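Structure first, then comments.
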Amino acid sequence: MKKLLSILPLLAVVIGVHLLTSATDTMYYLTQMTMSAYYSLLIIGLCVLMGYAGQISLGHAGFFAIGGYLSAALTTRSLIPYQGTTLVSLLDSAGLLLSGHDLYGEALLVVTPWAACIIAVLTAACIAVVIGIPVLKLKGHYLAMATLGFGIIIYRLALAMEYFGEADGISEVPAFVLLPGVSVSGNFSDRVQNYYIAWVLLLIGMVLLLNLIDSRVGRALRGIHGSDEAADAMGVNTARFKLQTFVLSAVFAAIAGVFLTHYNGGIGPSEAGVMKSVRYVAIVAVGGMAHLWGALLMGIVLNFLSLRGIFGSYDDAVFGLILIVIMLFAPNGILSINVRHRLRQLLGRGKQDRAGEV
Amino acid sequence: AWAENIKVGAILAVTGGASFLGGPEARSLEMLVEEVNNNGGINGNKIELIIKDSAASPEKAISFAKQLIEEEKVLAIIGPSTSGETMKIKNICEQAKTPLLSCGAAEVIVNPVAAYVFKTPQKDSFAVKKIFMEMNKMGISKIAVLAGNTGFGKAGKGQLLKIAPEFGIEVVEVEVYDKKSNDLSAVVAKIKANKDVQAVINWSIVPAQAIVAKNMRQAGWDVPLFQSHGFGNIKYVEAAGAAAEGIIFPAGRLLIADSLPADNPQKALLMAYKKNYEAKFNEPASTFGGHAYDAFTILMAAVAEAGNDRDKVRTAIEGLKNFAGTGGVFNFSAEDHNGLGIEAFQMMIVKDGKFVAYTGK
Amino acid sequence: MTTELFIQYLLAGITYGSIYAIVAIGFNIIYNTTGIINFAQGEFVMFGGMIAISLLQFMPLPLAILLAVVLTMLIGALIEICFIRWLKSPSVLRMIIITIGISILSREVAVHVWGESIRSLPYFVGNEITSIPILGARISPQVLWVVAVSGLMVVCLGVFFKTTSVGREMRACASNRKAATLCGINAENMVTLSFVLSAGIGALAGCVMSPITYSQYDMGTGLAIKGFTVAILGGLGSSGGAVAAGLLLGIIEAFSVSVVPLAFQDAISISILLIILFVRPQGLFGSKEAAGLKEF
Amino acid sequence: MAFLEIKQLHKRFGGLHAVKDVSFQVEPGQIKAVIGPNGAGKTTLFNMISGTFPATSGSVTFQGRELLGKKPFQVATLGMARTYQNIKMFSGMTALENVMVGRHVQSNAGFLASMFRMPRTWKEERDIRDKSMELLGLLEIEEHAHIDAASLAFGQQRAVELARALAMEPTLLLLDEPAAGLNIYETAEVGRLITKIRDLGITVLLVEHDMSLVMDISDEIVVLCFGEKIAEDVPTAIQQDPEVIKIYLGEE
Amino acid sequence: MLKIRNLESGYGKIKVLKHVSMHVDPGEIVTIIGANGAGKTTLLSTIAGLVKASSGAAEFKGTNILKTKAAVIPGLGCVMVPEGRQVFATMTVEENLLLGGHPLQKQGKQVMTELLEHQYELFAILRDRKKQLAGTLSGGEQQMLAMGRALMSRPSLVMMDEPSTGLAPLIVKEIFQIIVRLRDEGNTVLLVEQNAKAALGIADRGYVLETGKIIVQGPAEDLLANQDVQRAYLGREKVEEK
């Protein structure tokens, strides 16, 4: 319950931002806020995996890409050539197919976004299970390398397969109609709606994860981080918990991928790139590793600035600088320095003074 | 007095994987804007150029396109540098009725035609046809195709495979390699082992263009090597050194501007662009910078005619005829948003480390 | 497959492999003293090549290379002194993130100094089309330079780390820094030394491979990823392992061309590496015990 | 059938036989100590019983169930808890949270239940907290409940580790040198605690070098030397055993 | 040999040692006893240069060691055997020992081999474990390795932080014998111990440290006889009960 309450101020901020931008006629900021929210969804998932379960993943852009690419491909690549195959007719009879015409009047038969979304997220989860079992047995740098390798493989496949558009990626992805009248799309007219879709999704994700880390499972995860061996001896099935967390964060990443792809109307191989994964890890670290709020904050701020092109051609340079500066001077994340630590220091000093008086 | 500033947006891959495109493009634009403004602007209006560096990421291109259209309220957008990014923002520009002058190569950008979307680079299909015509003359009928895994390579490979039968040419080997490959001797060995191959076409960008050439020659294989119009930078010839000798490729006339006949409509502007660019940036001018040059001059011509109005500018571009640019002479129409014909290309060959027009053996 | 083709593939594999191995060795040196992976290692390679190319305008090739190596070593030292030295007992993850930051920054510095265009050093012997026939296959003499230089480095480093006291002390710093200090070893200097050493090795690698692969401001990342993969596969810290794994990866890549489309090359080779890693979690030559005793 | 029965247990590390053909039994409600020179294989024996690593050969049965081949978490689920020679705290967690992890086997909320905060989870959570506080109280360290466990003094960390083990409500408790690094008073305190734990009905298997403690509290002692069992008897007999005196206790 | 005056030190804002003054003369065994968390380890660490002192003075053989880098101090002949198992876990036993000999490295291989031989004599078990990774040694073996490593540099002053922790009674006795032997061979030992009785039993002098302050000091026999010390550290009642 307390956790739910802690989300309320954030909800207020979200609504406030909307009201403020609409009052000042700067609603266009919401575009980047929406995109940042989706990236942050991935980042908070990764934060639980890295900060709490202590398992580094340099391949999370891969899961994002699995979600994004699959739902993009399923909802854009026409199945007309395969009409009549059992799989297609099966899907059709299940009501999962949508026929229509593309922008240029060609007949089109595609999977509905809802079905595509579910297929994409389930695929990501299954892949996470399959690779998670062997990968999570590794430790430290070896784990980093294995996840990095996974990311590279996904990137390479996206880049090599005709189905995924090779270097051009997939464009003209249709809107994702969540409910009648509510759809994820990049149309200028749907902006406010999409801002709320993204943020509500992020808030739900945040509540779930906050609940998780402050529970039996969360403690077990932190225990694994603290001492793998001792957690094991406490009866924690460490392998299974690590795997479940890995899958959970993969699902978060895939959902983010699906939604952002529909929002953007397309996806390209840069979303699967290794530097993206590195960026996500770095943002989690800058947020303070085991710090969901820090990760959320940094995810929003850094992505927002970068998507707005604030730093121009120095985007990477500034990002690198932020990384170094924060890691040098505030290794426990941005929040640790600015708010908590300083406050505590101040309070602490106050207490000492009073103690001195007495 | 300046009536108003004309805002032009540009989304270019100045850094990142496609910076060899975005770099010269951005520099060309900066140079041109400076020139135009120093000469009094367009009809007395100064040009304000806003360049956004997308680093070749579609998601950034999308964000920037929306930003430029809504916040900056630009008249038109130049770029993006790559086809993949262009395709992502095609719909956005169309929806917002903002002209987009892409520097991307792929034909899908303008085919099917979207009302507000144009592109300046020559069509791949013409480059391909030009090469095949040359092959027919040389009596080559079985070839190997190599392509980089970039949007450029992808589009080129697609056209090569599609058009080859029209010219009675059989593609017996196809390989796609990574754009960052630093040695291709294995794949060269593989296609060399196929004794049918009479010539190799490589469709890629730096540095692989030079590496393919080197690895082929090092392997002692001397079948003709054709490259795409992406080879249009003398630095690549320098990079390939001795291995570049004899490479044949189609390109715009920028590279051989000096040797064009005086009555060529492009000659004057090519010479000027080349001279100014090389003087200002101390690096050889390339056809890529030329794409941005063309986009900008086309836009300016339309603005001069139609003023600061997105719709009118769009219509004006569609009406441009016989407009000389670096890539060729543009003739736009409602159906053709590229405006270049096959004659925009000239076959060239590398001789003694220089580009010269290729006129057959 | 004809023998000629076989040998050609093998030689191509050795070329890639040697390059990967040299980068991996650079990783290992710093790992062996600090227990961290320096993700800016690829940038040392880039700096070596780029600096040598710039210097070549003023001096003959051997001198340019020498000076480039020295300058890169200085850069290595500078990086260590500015960013690493004064940290008090930093966690491994923190160090990794810092080195990633350094790598990004170095790349940005390079693009603003040298621009985005590709450059290269001239071939040490002959030119772009010179080749030496080996059993019917042909190979550029520069490849021999790469192989020779990496071979030499492995041998020297192996001897250095296993038998010299400085090498042992560097390893001790990685194992337990406090204890190393208590033994009278100046851990800070050892770390600086390791950065200098790996920067030098990276720079030398950057110079010998430049004629073959070209140098570009962003070449570091790709090399670092491959180098890291190889270092891990070989077993972190083991130079011999790095060479074996490098050659293995190179040869897999070269031969994979003959069975699958080139576009899938990386996906295939990395999948194979992952499978090897699953079977031998400590890498090919890493000690299982040692891997178990190291925490992240 | 014995409560815990170890039969011909054997462990080899490369060429080294760390544990050789060791057999003994532990009866319910006993405090049984394992002593022996350094490197005799005591910790190795514990590691095999608790499943940390597999034995080379032999068998361990616990309440009639074969333990070998089981993972540590499975062994824990059967009701066995342990502490470590080098304390293994969950760093970054408070003392209370450390103990709460110990309740893991006694609760069952999973991922989904935790994320969605089912009402049942709620109640379970409260029970975990109460029970853990109670244990900290039992060990008289409840005032440190909300302090990061890793920054506690050594002796207090030992207590937290013990509370964490007790939180599992084990039937068998393995203690590896619980008094190491403690002074004479703290050691006596630990002794008192262990007896108290035994009185709760928990069987204790103990490794310790502090003879004042071992001789005081244990019901039976097993002596290992170079991996082999050389004696097993009640404390008074062990104290007199010339062999044990020679290799372990030393002459007074 | 070692002189400390008004030493203050701690971790960041936390002050642990308050005005500690003490000295160690050549050829004696001095022991420091005190409860958990009293600051014994902090004191040794400050002398070894691992913890920075905030004020006061410390001299070792005439050198101001508060101004000397931690890595230089062993070279002066003052080494510490740290609390806990600070061995080089991923290196072999022999390599660990050789690293301990770092300050004498310049004297050549011959000297090193002799020193190794000497340690193997003192700690026979290490000889059998020569090639084993130190991290896999049993607790007691690691403790012996740490001592052997410190003795490799032929120090004039050895500071030992709770060397008997986790060792078998027989070994504890042996270790105390070794300490005595070291003294008899002309070494000086500064010993921190939980086992106050045994420590005072072999020491020449002793200090009692409580919450960062030295509260009692004097010859070992005096301390053994001191009522307060007996009550707090020797558990007299308990001993008498037996």
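Labels for the chains are A, B, C, D and E, by order of writing; each one numbers its residues from 1.
Quick note on the criterion: a contact is a pair of C-beta atoms (placed from the backbone, for glycine too) under 8 Å apart; a residue touches a chain by one contact, two chains touch by 3 or more.
Since we're looking at a predicted model, the values are computed, not measured.
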Which chains make contact with subunit A and with subunit D at once? none
Treat touching chains as neighbours and tell me the shortest step distance from subunit A to subunit E. 2
Between subunit B and subunit E, what is the separation of their C-alpha centroids in Å? 75
Could you grab the centroid distance between subunit C and subunit D? Build each centroid from C-alpha atoms only and quote it in angstrom. 47
Would you kindly tell me how far, in whole Å, the mean C-alpha position of subunit E lies from that of subunit C? 43
Chain-centre distance (mean CA atoms) for subunit D and subunit E, in whole Å, is 30
Can you pull out the residues of subunit D that are in contact with at least two other chains? none
Among subunit E residues, those touching two or more other chains are 136
Which residues belonging to subunit C are in contact with no fewer than two other chains? 261, 263, 266, 294
Kindly provide every pair of chains that touch. A-B, A-C, A-D, B-C, C-E, D-E
Per the touch rule, the subunit D residues reaching subunit E in their complex are 13, 16, 35-40, 43, 85-86, 153-155, 177, 180-186, 188, 209, 211, 247-250
For the complex, give me every residue of subunit B touching subunit A. 14-15, 51-53, 55-60, 62-64, 66-67, 70-71, 82-85, 87-88, 90-92, 95-96, 106, 112, 149-155, 176
Seen from subunit D, its contact residues with subunit A in the complex are 50, 52, 71-73, 75-77, 81-82, 84, 88-93, 97-98, 100-105, 107-111, 114-117, 121, 124-125, 128, 164, 168
Partner subunit C, residues of subunit E touching it in the complex: 48-50, 69-75, 79-80, 82, 86-91, 95, 98-100, 102-103, 105, 133, 135-136, 149-150, 153
Residue set of subunit A touching subunit B in the complex reads 26, 28, 31-32, 35, 103-104, 159-160, 165-169, 171-172, 186-188, 260, 264-271, 306-309, 312-313, 315-316
